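Consider the two complexes below, in which chain A is the common component and chain B and chain C are the respective partners.
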Partner chain A sequence: MQYRRGDLLDVSNLRVVFDTYAGQVKALNGVELWMNHGERLGVVGETGCGKSVTALSVMRLIEEPGRITEGSILFEDKDLATLSENILNTVRGKDIAMIFQEPVAALNPVMKVGAQIVENIECQRKSAVLAQGARKAGPVTDSGLSQKHRTKETGSVEIMRDMLGRVGLDWQRTENLYPHELSGGMAQRVMIAMALSSRPKLLIADEPTSALDVTIQAQILNLLNNLVRETQTAVLLITHAMGVAAQFCDFIAVMYAGNVVEYGSVQSIFKNPLHPYTKGLLRAVPKIGRTDELQSIPGIVPDLISPPSGCRFHPRCPHRRPECDKNQPRFEPVREELEADRHHVACFLYQKDL
Partner chain B sequence: MQASADREDSDILIQAEHLKKLFAMKKNFYSRPLYVKAVDDCSFSIRKNTVFGIVGESGSGKTTLGRVILRLIEATDGSVVFDDTDLMSLSNKELRLFRRRMQIISQDPYNSLHPRKVVKKLIGEGLQIHFQLSSQEVDERVKNILTLVGLREEHMYRYPHEFSGGQRQRIAIARALVLKPEFIVLDEPTSALDVSVQAIILKMLKELKRDFSLTYMLITHDLAVIDYMADDVAVMYLGQIVELGSKDDIFLRTAHPYASLLIDSVPPPTPSEHWSGKILNGEIPSPIHVPSGCRFHPRCPQVQEICRTKEPVLSELQPGHFAKCHFPLNS
Partner chain C sequence: MELGSFIIKRLALMVLVIFGVLIIVFIVTRIIPADPVGAILGGNAPPATVDAMRHQLGLDKPIFAQLLDYLGGLLRGDLGTSLVSSRPVLTDILEFLPATIELAVSSIIFAVVLGIILGLLSAVFRNHFIDHFSRVFSILGISLPGFWLGLILILIFYYKLGWLPSGGQYDMFLFPTRTTGLILLDAMIHGEWNVFWNGIKHLILPTFILGYSSTASIARIMRASMLDVLHQNYIRTARAKGLPRKMVILRHALKNALIPVITIIGLEFGSLLSGAVLTETIFAWPGLGRYIVNSLLTLDYPAVSGGTIFIALIYSVVNLAVDILYAAVDPRMRS
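And then the complex of A and B:
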């Protein structure tokens, strides 16, 4: 087995392209990130930097005209980048579940929400049985969800009702509603209920609160926080809101134009940002009580059909050096910091052998 | 009056009183109409050369209020005085001419810019309506304004879709500014933009305000943006202003429980700052069937019996600081 940096997920050198009429979009350019069981990793960065493509790759949901061209996605003992569709189906939705920014769009519009959750639970059970035939199941870690989740004879309907209760919805009032009858906040709660009903080891949440008011965002984050702490579920949280990442996550991966340019503990990223892009991003965030002027990053995000050579940030970088447009900087650990911080950066300013 | 009771009247550019906008909704042809109370009795004044911020959850009536002020939608009731002009009394023709002095920039520059018009036309057409200028003069002014908002001359002959979101917002700003307005309603001007682009646009809006003595009404759901930009702030809930005061009144001496929970809902942007974890429960109720008494009472953590039956008035706690609550905080 390959060396793994995280015992739950280790994405390395992930490259994804989309072949479009206008040309090949080099969307992911060697993404690096990892996490252990139960950890929370925030993926931050601006529109188009590759957050969603990274998440979809982990779910192996990249579809035509896109494809993974290189790299590995180690999930426990499997490489999701190369796993067969059959085995993949036993992981997807079961060990790894996902929620999105537009929950109403992710739900079936003509099916009552209770029935959708039940269907989802039964589907997971079926593939779990198939999986046992297909390969010897690895050790299943007991998670904290109530005992009845583990008892075979518990009906899916009971689990659905229990899950609706856990996400703060009254099942009697909710199970017979159609998606369009739900507010944005309720729909996201339903999605969370559905995603967590299979007791996943990893929950991928792609901008789960970006379409919601701050008050509802706070409710949802609080709910998620309580639920995943209870079950020790790891969360890969994609967001463009720095505050959400800062408050919810243990580790942060900062993405720019298809690369993770900086990775590390939430403290190391916010207290000691190293990459010029991370620094610029943090200085651009307005905050209540802040009295200094906002700083912006000059220039605009590059076109990924013909991305800049070398470091993709070099045309906008205030510290660029002669080597920056020649080679891609290596993603390397920041040596003088604690190992527990896992602080890594991809920038020539910090490369030791130069 | 109100927020600026202690200030000279001549400082005031906009004075809004008892503004109301109800939208009639009918289930079907025969049913009795129901009314959406989008804006329900809002009074405030905006001082010249300041930024008046309006904040609240979506559906609280911010956009409707901004449009009613400009008479882009007709108020059901109430008055707006702009400088010395009673806007409500203007005829349509007079209003069209007056429009030059008050502009609006909205959230989605994609929808507000005509897709088939090149930038020169988008920016120049208002000039032709309001000032009788030769086409050379129009060209000259369009070029100047483009440079001012950080675009280039060669952008004049491009279409909106050829620009990024941030650039389109610059075009919208140029189009409003070229008419030399005194007042601009900014309705979520950066909500669709990434933070680094937002930072550029907000800074630019600040500089333009200073250089051209502009007055802004800034509508946003983002409290951090309000804090960065605004001088005075109104917090809206279900069509009403529930707290009104200087920025410091709102952020440092918060009086209304809704305003307080709204501020607490914002996650601090660094991990070292503690997030209070106070949660505002429930969701904003329907503006058709508004709750009795204080409209916030079903969600208010400090609700008392009186709140369910008696509507509190927007009363002055300190000079210029108003709250609509029977039990204001910090008092």
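And then the complex of A and C:
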């Protein structure tokens, strides 16, 4: 067993490609990130940098023509990258739940929202029975399982109603609605209720507020904040808003063109950004009271079919060195800082042996 | 209660549609340059007889007056009298209608069941063998003319193999007891199982020929719709719940994918009814389609009008049913 960096999730050297007619899109180029139980990790970066692909890969929800070519996704004691689909289904929804960017589109339009939440609860109970059975008395007989399922496992509906209440919805008015009858904010609340109904250990939130009104964004983030604090659920938050990540998370992973270029505690990233891309990103964030001009990072996001050689950021980097276009910089800890900050960076400027 | 007002609105619309069909058919059958009186009396009848017949049939009145007469009769449930059989057209139609209903229903069931299964498998196993098979099957179904394929199948299954009869609704030495007029239903009611199986055998080829192109259309729409649905975000949500693939497809994808297919089923029923005219002729099926063809050939225009109105009526009722079904499946249609 390799050295574990996070006791909940440890993604290392994750590579994902999409085979398209135009060529192979190298979407993830050795992603590194990890987290412990109950921690909150924000993944930030521009559109197209691979944040969502990373989130989907952790759940192995990448669809054709995408596939994971290399790397491991250690979740507790399992490697999700190599797990069979059947066993994976006992982790999905139960241990790891996910909410998405477009909450209305993420709900089945022909199913009542209450039923969709109940389905999740019962699906998790079923896989729990399966897992328990496999551990204890050998295989559970099919009939025994369907018997249990048929009696509706008293309580699923109650849990659903309780969850709707926790996300600030009145179950009597909500449970029989269809998704098209909900506003975006309500739909995201339903998604949160659904995701947390199985008490997951990790919640992956893929830009949960990007599609919502600004006022609703704050409400949803607050709600999420309170709920996961109560239940000690770890959160992997995908966002392009640095401010959101700074407020909500304990750790931040900055992604650029399929790589995590810098990783560390919120303080270390914001107080002492090291990677030229992180620095550029922070200079591009508007702040109240700031009088200097906002600076943008020159150049454009690279084409991932034929990405730049070496460090993928080198064509836009103001501190480019001769070695930058030859090799990919190693992702290494920053030695001068506290270990608790976990500050890591992938940049030749900071590699000690050079 | 919104469903009730929806149905009433649709019923009113249906009356308008049928009225439109009626006007068109009435005018078209009257202005074609063929004289039904000549067809009845033959070419050599004396002018006095011709005039008398013309008067008797009301053909000496202006066309507008004829239309009013016809509409008046229609309100009393009188579709006129057949020029050939001299019986009320309604009586004739009610005799031929059950055979057409039987054929149309069995064809649409065949088309819907096979089309949906093929389309579903085709989408789920995209680019596998079953997908290629289903796509070739669909292309053939849409491009092969039914009358040609019908004759080929008769050649194979009747002439060469002798497995299936060449035509008719049942063997002529059988005398089924009639209650509803639907042969298979009557046979089940009266326990005449020999008639039942005989009827089934006679139904196989016409059902296939009539239903084939609809099967093909439904399979194509189902495949496209299913492929679209499988890429929707809510399917990703269902997978993220840890549902097995079979459940994701059957519980979440299927119902959504069926929505566009339901519309097609209503439209296909229309093409099925017009296809019945040819299929019934090829298979000597004693149905409404063949009745209309024969009536056309003998210039029996009250029969043509009556038959056409009935077909329009069936088509409208089926489409109303489809729209109600649509609202039942898709909650977005209800509000």
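Heads up, the rule we're going with is that the second predicted complex is superposed on the first by the 332 of 354 C-alpha atoms of A that agree within 3 Å, B and C clash if a C-alpha of one lies under 4 Å from a C-alpha of the other, contacts with A are read in each partner's own complex, and residues count from 1 in each chain.
Here is the rule we use: a residue touches a chain if its C-beta (ideal position, glycine included) is under 8 Å from a C-beta of that chain, and two chains touch if they have at least 3 such contacts.
Keep in mind that what you see is a predicted model, and the values were worked out from it rather than measured.
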Clash-or-fit label for the pair chain B, chain C on chain A: fit
At the Cα centre of chain A, what angle separates the centres of chain B and chain C, to the nearest 10 degrees? 80
Is A:313 in contact with chain B, with chain C, with both, or with neither (first, second, both, neither)? neither
Touched partner set for A:120, first chain B, second chain C, both or neither: second
Please work out whether A:97 is in contact with chain B alone, chain C alone, both, or neither, and reply first, second, both or neither. second
Is A:85 in contact with chain B, with chain C, with both, or with neither (first, second, both, neither)? second
Identify the partner contact of A:171: answer first if only chain B is touched, second if only chain C is, both if each is, neither if none is. neither
Check whether A:59 is in contact with chain B, with chain C, with both or with neither, and answer first, second, both or neither. second
For A:214, is the partner it touches chain B (first), chain C (second), both, or none of the two (neither)? first
Chain B and chain C, minimum CA distance [Å, superposed model]: 11
Taking the stated contact definition, name every residue in chain A that is touched by chain B in one complex and by chain C in the other, in rising order. none
Listed in rising order, the residues of chain B that touch chain A in the complex are 57-58, 164, 166, 194-200, 202-203, 221-225, 227-228, 251, 261-272, 275, 277, 279-281, 283-284
Touching chain A in the complex, chain C uses residues 231-234, 236-245, 251-252, 255-256, 259, 329-332, 335
Contact set on chain A toward chain C in their complex: 56, 59, 61, 63, 85-86, 88-94, 97-98, 100, 102, 105-111, 119-120, 123-124, 127, 178, 180-181, 191, 194
Complex contacts: residues of chain A adjacent to chain B: 46-47, 183, 185, 213-219, 221-222, 240-244, 246-248, 266-267, 270-271, 280-281, 283-290, 293-297, 300
